[in-house]
Structures are given as C-alpha cells and as structure tokens.
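Several structures are given next for inspection.
Shared chain: chain A. Partners: chain B in the first complex, chain C in the second.
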Partner chain A sequence: MNIEIEKYNNYQVIKLYGEVDLSNSRSIKLDIIKLIKSKNNIIVDFTHLQYIDSSGMASLVEAFNEAKENDTEFHIVGANGSPLQVLQLTRLNTVFNLADSVEVVGNNG
Partner chain B sequence: MVKPIITVEHLFAQYGDTQVLKDVNLEVNTGEILVVMGGSGSGKSTLLNHMLGLKTPTSGTIMIDDVNIFNAKNKQLRNLRKKMGVAFQGGALLSSLNVADNVRLPLEHNTSLDTQTIDIMVRMKLEVMNMADTGHLMPSELSGGMLKRAGLARAVIMDPKLLFFDEPSAGLDPTTAVELDELILTLRDAMNMTIVVVTHELESVFKIADRVVVLFGGEVVANGTVDDIKNSPDERIHNMINRQPNTHRDDGEVYFNRLLNKDKD
Partner chain C sequence: MSNIKTFSSCTSELKNIRGFVVDACREFPFSEDKVNEIVLAVDEACANVIRHGYHMSSKGCLEVEISSGDDHALFVIKDVCSQITGKQLTPPENDLCEPGGLGLCLIYHVAETVRLIPHNGKGNWLELMMKFG
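Up next, the complex of A and B:
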C-alpha cells in the first residue's frame, strides 16, 4: 500500500495505490481526517487502487462524516475494478460523491 | 495455470468401524465456487469438518494456502483462520447476543479497529445481507433465512479470502434460497472470495457452482463442471440429479461379508 498526497486547485488529493485492508485502513483514515480538520477539501483517488476491504470502506465513511461536520467537500474519483464492485455491493456508491477523475471534480469545485 | 488454494490428498476418515471418507482427492482453485454435493451420509459434512480442521483424519493431508492444517503450528493456524470464514447451517449465532454483537465478534477478537469503524462495518455487512436495522434483534427473533444471512454476515465480516458455507439453502423457501445463491455469487465477484459450498440442493448447485465434487459413500464419484455432472453416465449421479431413490446395491459377496461383519473395507 502506498499513499500520495498532493494539491490540485482547491483540493487535497489522496492517491491510494495497491491494497487497503485491516493492516493500513486506520492510518489512512487518520491521515485524511487530519487534512479535513485543517479545513481542506478532499478528493480520494481510487484510480490505482487494486483492492479495498470493509475496514477501508468504513474508514472512508468516517472520514466523509468528518468532512460533513467540518463543512468541507469529500469526493471519491476513479473507482474501477474490485473497489468499484465493493462500492456497489455495499451500496456506498449511493452515499459517497463519486466522479471519474480528479480533473472532473478539481476543475469544477 | 490457477494455483489451488486448497488441496485435499488421499484423505481417509472413519468413525468407529465405519469408513466415512475413502481416499478423497480434490483441489479448490483461487476465486472459484466449488460445490461439494451428496446425499445424506455421503461424507460431505465430514469432509467440510476436516477442511475446517475440526476433525483429524485417519490419514491424508489438506493444504490450505500452503499450510498443512493437520500438522501446522498454532500461530500458522491462527493466521490461516483469519483468512477463513465459515457460515454454519443454522447460522450458529450465540443466543445471548443480538445480531450486531454476533456479527462483530470476529473483529473484536482479531483486530484493534476503532469501535466506530467496527460499528460501521457491521451495519455495512447487514446491509449487504439485506438485514438493515436488524442488529438489535436476538437470534430467537429471526426466521431461518435471516439466521443464515446473519451467520453469513459474521462469516464475511473480516473479508476472508476463503469462505465455507454449509447448506446455504437447506430448509429455506425457494425465493429466499435464490437470494442467498445470488449473494454467494456477488461475494465471489466483488470480494474476490474463494467459496466452498456443501449442499444437497440441486438448484443451488446448478446456479452457483464453477465446479462440482460429488461424494457417494465417502468417495468422490465425480469432479467436474455442472455440465459434466449433468451428463455423467454414472447411475448414482443420474439418480441423484433426477431425484430417484438410490437403487445401487453391493453384490452378494460384499453383502454376505457385511452380514457377518467380516470385511470392514
């Protein structure tokens, strides 16, 4: 698992690589929540994410809730393959703001 | 070539004088749904119990994820069990805990996740099982189908690589049975699970199986695709599929020896 954080217009983009599971979901959640508490708008980029388990999805739900409470934006972009299927299976695709790419969100925000 | 996640080799098991499994050999490939099918007394539940490491065989080996489960060290077995989920026939929920507390048990015991994360995971899994808002119910308040789905929610709460499901549709009405079959297919596809299902329900076998192993009298009598099984020339399989009573009888000499308790084989 690798994580890169970079700025794109008014957003902090968290790029996830590899697999999010029980071993790393908590630290990813804490990283994102820290950014949210500093009033950053968030884009989580799934483009290079190969797998995310339930603990990863639950952690993102917590981060999304934190964003709502801090009145900041929270988007997930680039979901494909297994992570997209997990979003659909858990019906979290109806919960999160999903978009195709960082540019789609970042250029319109 | 796909690597098998489970390899069963020359497995023999007996209860008392009765040989229950006789030289069972099979492989389960990563990402497939393997159905072990057979009538009552065929040995399928015994085979499942051996795969789960709940029984020790007379001889033979079972390798799961490169671990020989019959001579593995405790730590190896603990790590392996974290990758395995088991949905038992009746759900096997603890009657003193409500549904949510049953489902969260594996996470409480095996992870150090935050309580809120666990709460969300439990609700998410109940949602997947079409059991939203049932977390507060006690097992005694659930129907048979709900018990199975709650048991399945607990079995997959850790997102196991390998799921064992004992008789998913037994005793359910046809609609609920179909829903559970759909759920099994979805779990395989979305969560990349390898799934071993033990059942005698033909509709379920034909709907979900990538491959079928048929047990008869403790022996593997067929191992192939659904079409292979449907087209099998074996009379025992033909009778099973067409719901004909088993008319296979041992010849006179075998029967004679059995009457006199002469030959245990």
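Up next, the complex of A and C:
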C-alpha cells in the first residue's frame, strides 16, 4: 500500500495505491483526518486502488464525517473494479460524493 | 476434495489469504465480479477473527478450507478463539451498511448462507456458501 498526497487547485488529493485492509486502514485514516483538521478540501483518488475492505471504508466514513464537522469538502474519485463493488455492496456510493476524476472535482470546486 | 491452508493471525497475512482464495476460485465457475466478492467476504470473516477473536494479536492462527459441491463452493474459516454465539453473527436489520457492522453486512450480502458449524474441538468454524453462476 502506498499513499501520495499532492495539491490540485483548492484540494489536497490523496492517491491510494495497492490494497487497503485491516493492516493499514488506521494509518490512512489518521493521514486524511490530519489534512481535514487543517481545513483542507479532500479528494481521495481510487484510480490505482486494487482492493479495500470494510475497515478501509469505515476509515473513509470517519474522515467524511470529520470533513462535515470541519465544513470542508470530501470526494472520492476514480473508483473501479473491486473497490467500486465494495462501495455498491455497502451502498456507501449513496453516501459519498463520487466523481470520475480529480479534474472533474478540482476544476469545478 | 478440499484445499486447506493455515495462516497466522497477523494482519499482514490477510493479503496472503486473499491470494489463496483467488487461486482456489479459479478452479470454480465464478465470474470475475463474484470472485472479487468472495475474496472480500472471506477477508472480512478472517479480519473479524483477528480483530475480535485474537484482539489483534499475531500469535493466533486461522485455517481456511475451500471445497465444492455440484452447484456451490464452501469456504470454512476455522480459529481457536473463544466460541462465539449465533447472536454475534446476526445479520444487519436494514439494507444500508453502517460503520461498526460493515464487515458482517458484506459477508451476508455476498454469501448464500452463513453458519457456524458445530464441532467438538476448540474455537469456531464459520462456513460461507457461494453458489456457482
């Protein structure tokens, strides 16, 4: 699992690579919440994410709720394959703000 | 005929468990989407054992046994933790999965049946049945 963070317009983009599971979901959550507490708008990029389990999704729900409390934006982009199936199975696709790409969100925010 | 492998309860083993399940599923007539779902369900069951059964200790072990019948495959996750009750495996009441019960919710969404297999030994044997097609 790798994570890259870069700025795109008014957003901090968190690019997830590889697999998110119980072994690493907590550290990812802490990284994202730290950015939110600094009042950053967040885009989590799933484009290169191959797998995410319920602990990863629960971490993102916590981050999403933290963003609401801090009045910042929280988006997920590029979901495909197994991670998209998990979003659909859990119906979290109806909770999160989903978009196709960083550009779609970043150029309209 | 069954395929059995034992893993430690270290969270880093989850990746190896997923690989074991993917390889086994290649022998069965499952679609790629269904394989993704099965991998997820077995991973969630094993993660629950590590988190709630072994309390994140890496000193325990899990055994994953995969077998098949005419129209289905069985995935049995065996541990040597304190025995759980059927009540702890109660499926979520509403359709929307919520944090805290997401893993169990996913298992019930994916598996045709989820049951604890009675046995004489220590621990729990959780069986997930997946139909072909």
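Structure notes:
In the analysis below, the second predicted complex is superposed on the first by the 109 of 109 C-alpha atoms of A that agree within 3 Å, B and C clash if a C-alpha of one lies under 4 Å from a C-alpha of the other, contacts with A are read in each partner's own complex, and residues count from 1 in each chain.
Methods note: a residue touches a chain if its C-beta (ideal position, glycine included) is under 8 Å from a C-beta of that chain, and two chains touch if they have at least 3 such contacts.
Just so we're clear, the structure is a prediction, and the values are computed from it rather than from any experiment.
Contacts of A:R91 after superposition: both chain B and chain C are touched.
By the document's definition of touching, both partners, chain B and chain C, reach A:E62. Within the superposed three-chain model, A:S54 lies in touch with chain B and with chain C [touch as defined at top].
Contacts of A:K29 after superposition: chain B is touched, whereas chain C is not reached. With both structures placed on the common chain, the touch criterion links A:E19 to chain C but leaves chain B unconnected. In the superposed pair of complexes, A:S101 makes contact with neither chain B nor chain C. Looking at the shared chain after the overlay, A:G81 reaches chain C, while chain B stays out of its contact range.
Chain A residues 21-22, 51, 53-55, 57-58, 61-62, 82, 85-86, 89-92 lie at the interface with chain B in one structure and with chain C in the other.
The part of chain C that touches chain A in the complex is made up of residues 11-12, 14-15, 18, 33, 36-37, 39-40, 43-44, 47, 50-51, 95-97, 99-100, 102-103, 105-106, 109-110. The residues of chain B lying in touch with chain A in their complex are 111, 113-114, 116-118, 120-121, 124-125, 127-128, 157-159, 186-187, 189-192. Those residues of chain A that touch chain C in the shared complex are 19, 21-23, 51, 53-55, 57-58, 61-62, 81-82, 85-86, 89-92, 94. The part of chain A that touches chain B in the complex is made up of residues 21-22, 25-26, 29, 51, 53-55, 57-59, 61-62, 82, 85-86, 88-92.
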